[in-house]
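In the two assemblies presented below, chain A is common to both, partnered first by chain B and then by chain C.
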Partner chain A sequence: MSTTLSDVQDGETPPINLGPSSSRLGEKAIVGWLLLCASLSVLITVGIVAALLGDTIRFFQRVPLSEFFRVGQWAPWQGDFPVFNLVMGTLNITMYALIIAIPGGLGAAIWLSEYASNRTRKIVKPVIEVLEGVPTVAYGLFALLFIAPMLKSVWPTWLPGKLGQEPELQFAGAAALVMGVMLIPTIASISEDAMRAVPSGLRQAAYGLGSTKMQVALKVVVPAALSGIVAAFVLGISRGIGETMLVLMAAGATPNASLWPNDSVLTMTAFIARTAGGDISHGSTEYYTIFAVGSVLFVMTLGMNMIADFFVRRFRETYE
Partner chain B sequence: MSDAHAPLVEASATRTVPDAPLNPVIEAVDLNIYYGSFHAVYDVNLAYGKNEITAMIGPSGCGKSTVLRCLNRMNDLVASARVEGTVTYHGINIYDPKVDPIEVRRHIGMVFQKPNPFPKSIYDNVAYGPKVTGMKLESSLDEHVEWCLRKAALWDEVKDKLKESAFSLSGGQQQRLCIARAIATKPDVILMDEPCSALDPIATAAVEDLMVELRNDYTIIIVTHNMQQAARVSDRTAFFTARPDETTGNRTGLLVEFDKTTTIFSNPSDQRTEDYISGRFG
Partner chain C sequence: MRTAAHNRNAVNAAREITLAQLDGSQRQGRWKGPAFEAVLLTAIFVAILTLLAVILWALTAGWERLDLNLLRNMPSGMASRLGESGMQSAIIGTFYVMVGLIVTVVPLGVSAAIYLEEFADHDTWYVRIIEINLRNLAAVPSIVFGILGLAFFYRGGLSLGSVVYTGSLTLTMLVLPTVIVTAREAIRAVPPSIRHASMGMGATKWRTIWHQVLPSSIPGIVTGTILALSRAIGEAAPLIMIGAATFVGWNPDGPFEGSFTVLPVQIFFWSAQANTDFHILAAAGVIVLLGMLLMMNSFAIWLRNRFTREW
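Presenting the complex of A and B:
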């Protein structure tokens, strides 16, 4: 037994139409456009990977994997292709940069989130965010013309062994120092966002138990914000590995397999930029080297993200 | 709350309470509290008796939570807050410049309105206080955690999952965990700021039973919106109300009446108290 709408209505109420008042085509068009925007970034990523992969395969058809991954001197112009020295160059600079950027960025974030007054934070946070936007070529110039000569003149040559040697005009340490400073705003800003998102109830609970300000920050807020903080580190590391202009200008161009800060190194990114901008013929083995090195860079960054993701899942303290 | 037909003065009726608090643990004398230029609480004089449960009741905005937070200097965390008058703890003025608020909070613990366990394991929540305060325990930390959880009537429910996140517990269990966490630093006073307002009636009953149980060892001060709860668990009740300022319209909280709970609920001396407890306003 069914009751229709008209049965229920008495004569006095007008008929009710609950169908759509228009076809809402504009809304559908906008949703379609938004979907297109979202898929575009995915498509472009897939496209880049495909382009990289194709030419990387062509490289490995000419140079065997065992040659590429052996330990030895990088000299593609004379047929030596071990990528080892370039990876070491990247690791060298990134490592020293992170030694500066992680404590610096985290310290700045803790101070901003837990210690600074609201008024101070409102001034300092935007300044930090502006620093994030400074073009890396400006940092490169700063490293090359100011930091490198200064470090060179005050280099502790009384130190024994390799570390006591005065560096050349361009060297890893100068680039790493400036890169470290460059990464501080990125790490500080994202970590601070994560720490500010920790509910104030947790801080109150900790204070109520007789915690000092430092204990609240380090034992409650930082663990609760850990996933955001690790994400900030990962972004910093990825930016460090991928940074090109600064290392191109300040780190030198000698592909040394060295972790010393006073050596000149060639990073993967700097090699790609130099070679791509230089005079190489399309289709030569050297040309395909760019793509092979690019793939290594891609895999390293991807691996970094996956490791970070694992750590976040493992140690995250969710407060939802 | 769980049983609307229960007589209002039930727990208190079975207990003889002296007319005035005999050994006040905390005393507030001429307490005035300001937020910036806003006068939040006016001239409160209150004594909280040892091993008693004192309830502070009153309509919203009457300053009862503000007073509570003054008793262990949690108001220090609000930059604009200012306190005049004295609050003594065992005779020591806790607002004396020589007093460290962190040390005060280690003696006067707090349980909050919304259960706020740390995003850590059940075990680590309870162990947090002893760890950060560097307490010297007579027993091992494991035994101490068990003791606290037993005190908070939570041990049997969590003993098999101490390493699980505190967020796996229900709201009522979380609140009892917060109580276990608060007693882990061995305070002698526990402040409770509407501890049951986010809980259902069954969880509320469990927390109320716990309060009555804990009274033997601790001095408890509770802020509540729930008059029946005050009547059920407390020995003494302080009734606050808010008085609007004639010029600014800001509402300043003040203490109307403070007496034994049985007296407040059966024979209040102030008309405003009677109006409030009989549900005529508030």
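Presenting the complex of A and C:
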């Protein structure tokens, strides 16, 4: 029954309701569901922290903190749990990988952003994205069966001291070499985004002063995009620390506290995967090492990410 | 202070360039520019050529096992039967895990994206937490998601054991942020005028989303989902954590029963064998895996070009 003009003229108060005609409970339920899904991502983080924390605490009930953080040989099978050697293994590989990945990624980014024509960039950019998506198990197999034997056969054994020793079948250098190349696209695409965001006015001003393309790239664009570039480096480091399959397959399995590229090392990630993939009984101290080492790994990568975030926020040059 | 640093950069660069001009070193250094560009190009070529090298090497190393038996037969642990060992269970297992992943991650991811784009008030604390969290999750190593799966889906909480759906759920956690981010981009690309027109005709907000916004953003959502899947399909580490087994001689019985394995895990286990005949199989497996990825990526690109609307 609708309110008509004649009703009003008859002198009755018209029941006009300007609010919605129904309370739309269904729609509210839908919004509730959507919010629930959006909150799920937070729940994942909470879940990760809970999963790590619970069993890490159980680990430390059996193994004292001083044992975990002391410097020494990692040998859980005989009750030695200093995480030091695993961290060193991770640092070893990540360090050598970055020696390749940082100049490589930065160089690729400068070329894409400053030198490539629009047409070339339209072809190369998707190729870089494809490179980022190559399964690491493919790189791992390549490193294990092709790069490692090749490096081993050409190893400069005439070098003095430790560096001159011929490596074993699996060693840090082979994994690091492939990881370095693997990280180039990651670092390149993030740095390139930062360089593209530098307004062309800055470049034109530099050209107007008579600078060459190389000077514009190195003295104007790179400093102006520095926050984004540093963030890309940090993200590259955290990718390297978190990489599992490549180091699991190619870096060996000996927990050496060594920074030599010709040593076999065990990284934190490789230890976790190796232990979980092996025969361990649920509830044993060895089972809980997965979570303790996982916590160290998580804290390290989270810390890296926060540093990257800080750099982007704190040192970002803002242009209109 | 920031502008000061910024000006200093500009002034330094200008001074250096001017000085170089004045003392003529610019002219002498003409070879520098091309040499620099050559160095930059090397970086890109190294990355691209390495992938080509991986493909070429895997093709040659796995050539003698790249046949139909590889796809048809079950993996065998017996060295005597290596010549006809295949990876059917790994391919079917991958397929099952991917189907479980799609039916889980698409509704969750798209719903979250709709909320964040259409309903969220970006000044509230909880929306800000969600945003920060999504950024941080993208940097968590995949093996940590494996630990999450081990603690809550394999044991504890859900206690599903080592079955296909445990793998799907673990990978869901891993790629959910990617799906949310790409779905948000697709939803954002729908112009507001479409929404205004629909609501002007009296449609409610949800009807507008369901009948106008979502249909227009489907190509973008599908493309993003395929890209997320192509990341998930190559992941081995999280699935090793939840016990994807080695040498499974049968296909998974269903999403909740029977042990399973997937292609990348199978490749890894083959690579870890001492008998080098297994390495031929692993190389052939890499070619199959890369082939699957190539098909998925081409499909996504085709989809993007075919259906993306210019507004």
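One rule holds in what follows: the second predicted complex is superposed on the first by the 270 of 320 C-alpha atoms of A that agree within 3 Å, B and C clash if a C-alpha of one lies under 4 Å from a C-alpha of the other, contacts with A are read in each partner's own complex, and residues count from 1 in each chain.
We take it that a residue touches a chain if its C-beta (ideal position, glycine included) is under 8 Å from a C-beta of that chain, and two chains touch if they have at least 3 such contacts.
Since the structure is predicted, the reported quantities are computational estimates derived from the model, not experimental observations.
Three-chain overlay on chain A, with chain B and chain C in a clash.
Within the superposed three-chain model, A:Leu86 lies out of touch with both chain B and chain C [touch as defined at top].
Contact with neither chain B nor chain C is seen for A:Val296 once the two complexes are overlaid on the shared chain. Of the two partner chains placed around the shared chain by superposition, chain B and chain C are both touched by A:Pro223. Of the two partner chains, neither chain B nor chain C is touched by A:Ala175.
Contacts of A:Gln204 after superposition on the shared chain: chain B is touched, whereas chain C is not. Shared-chain residue A:Gln215: touches chain B and chain C both. In the superposition on chain A, contact of A:Met195 is made with neither chain B nor chain C.
Once the two structures are superposed, chain B and chain C can be ranked by residues of chain A touched, with C on top. Of the two partner chains placed by superposition, only chain B is touched by A:Ser117; chain C is not. Clashing C-alpha atoms with chain C appear in just one stretch of chain B from the list 7-15, 79-87, 133-141 or 259-267: 133-141.
On chain A, the patch touched by chain B and the patch touched by chain C overlap at residues 202, 205-206, 209-212, 215, 219-220, 223-224, 317. The touching residues of chain B, when paired with chain A in their complex, are 72, 74, 77, 79, 102-103, 105-106, 109-110, 112, 114, 116-120, 128-129, 132-133, 165, 167, 178, 181-182, 184-185. The touching residues of chain A, counted against chain C in their complex, run 24, 26-27, 30-31, 33-35, 37-42, 44-45, 47-48, 50-52, 54-55, 103-108, 110-112, 115, 124, 126-128, 130-131, 133-142, 144-146, 178, 181-182, 184-185, 188, 202, 205-206, 209-215, 217, 219-220, 223-224, 235, 238-239, 241-245, 248-249, 269, 272-273, 276-277, 282, 290-291, 294, 297-298, 301-302, 304-305, 308-309, 315, 317. Touching chain A in their complex are the following residues of chain C: 2, 6, 9-10, 12-14, 16-18, 20-21, 26, 32-33, 36-37, 39-44, 46-48, 50-51, 53-54, 57-58, 61, 107-109, 111-112, 114-116, 119-120, 126-127, 129-130, 133-137, 139-148, 150-152, 155-156, 173, 176-177, 180, 204-206, 227, 230-231, 233-237, 240-241, 243, 264, 267-268, 271-272, 279, 282-283, 286, 289-290, 293, 297, 301. Across the complex, chain A meets chain B through its residues 117-118, 199, 201-212, 215, 219-220, 223-224, 317-320.
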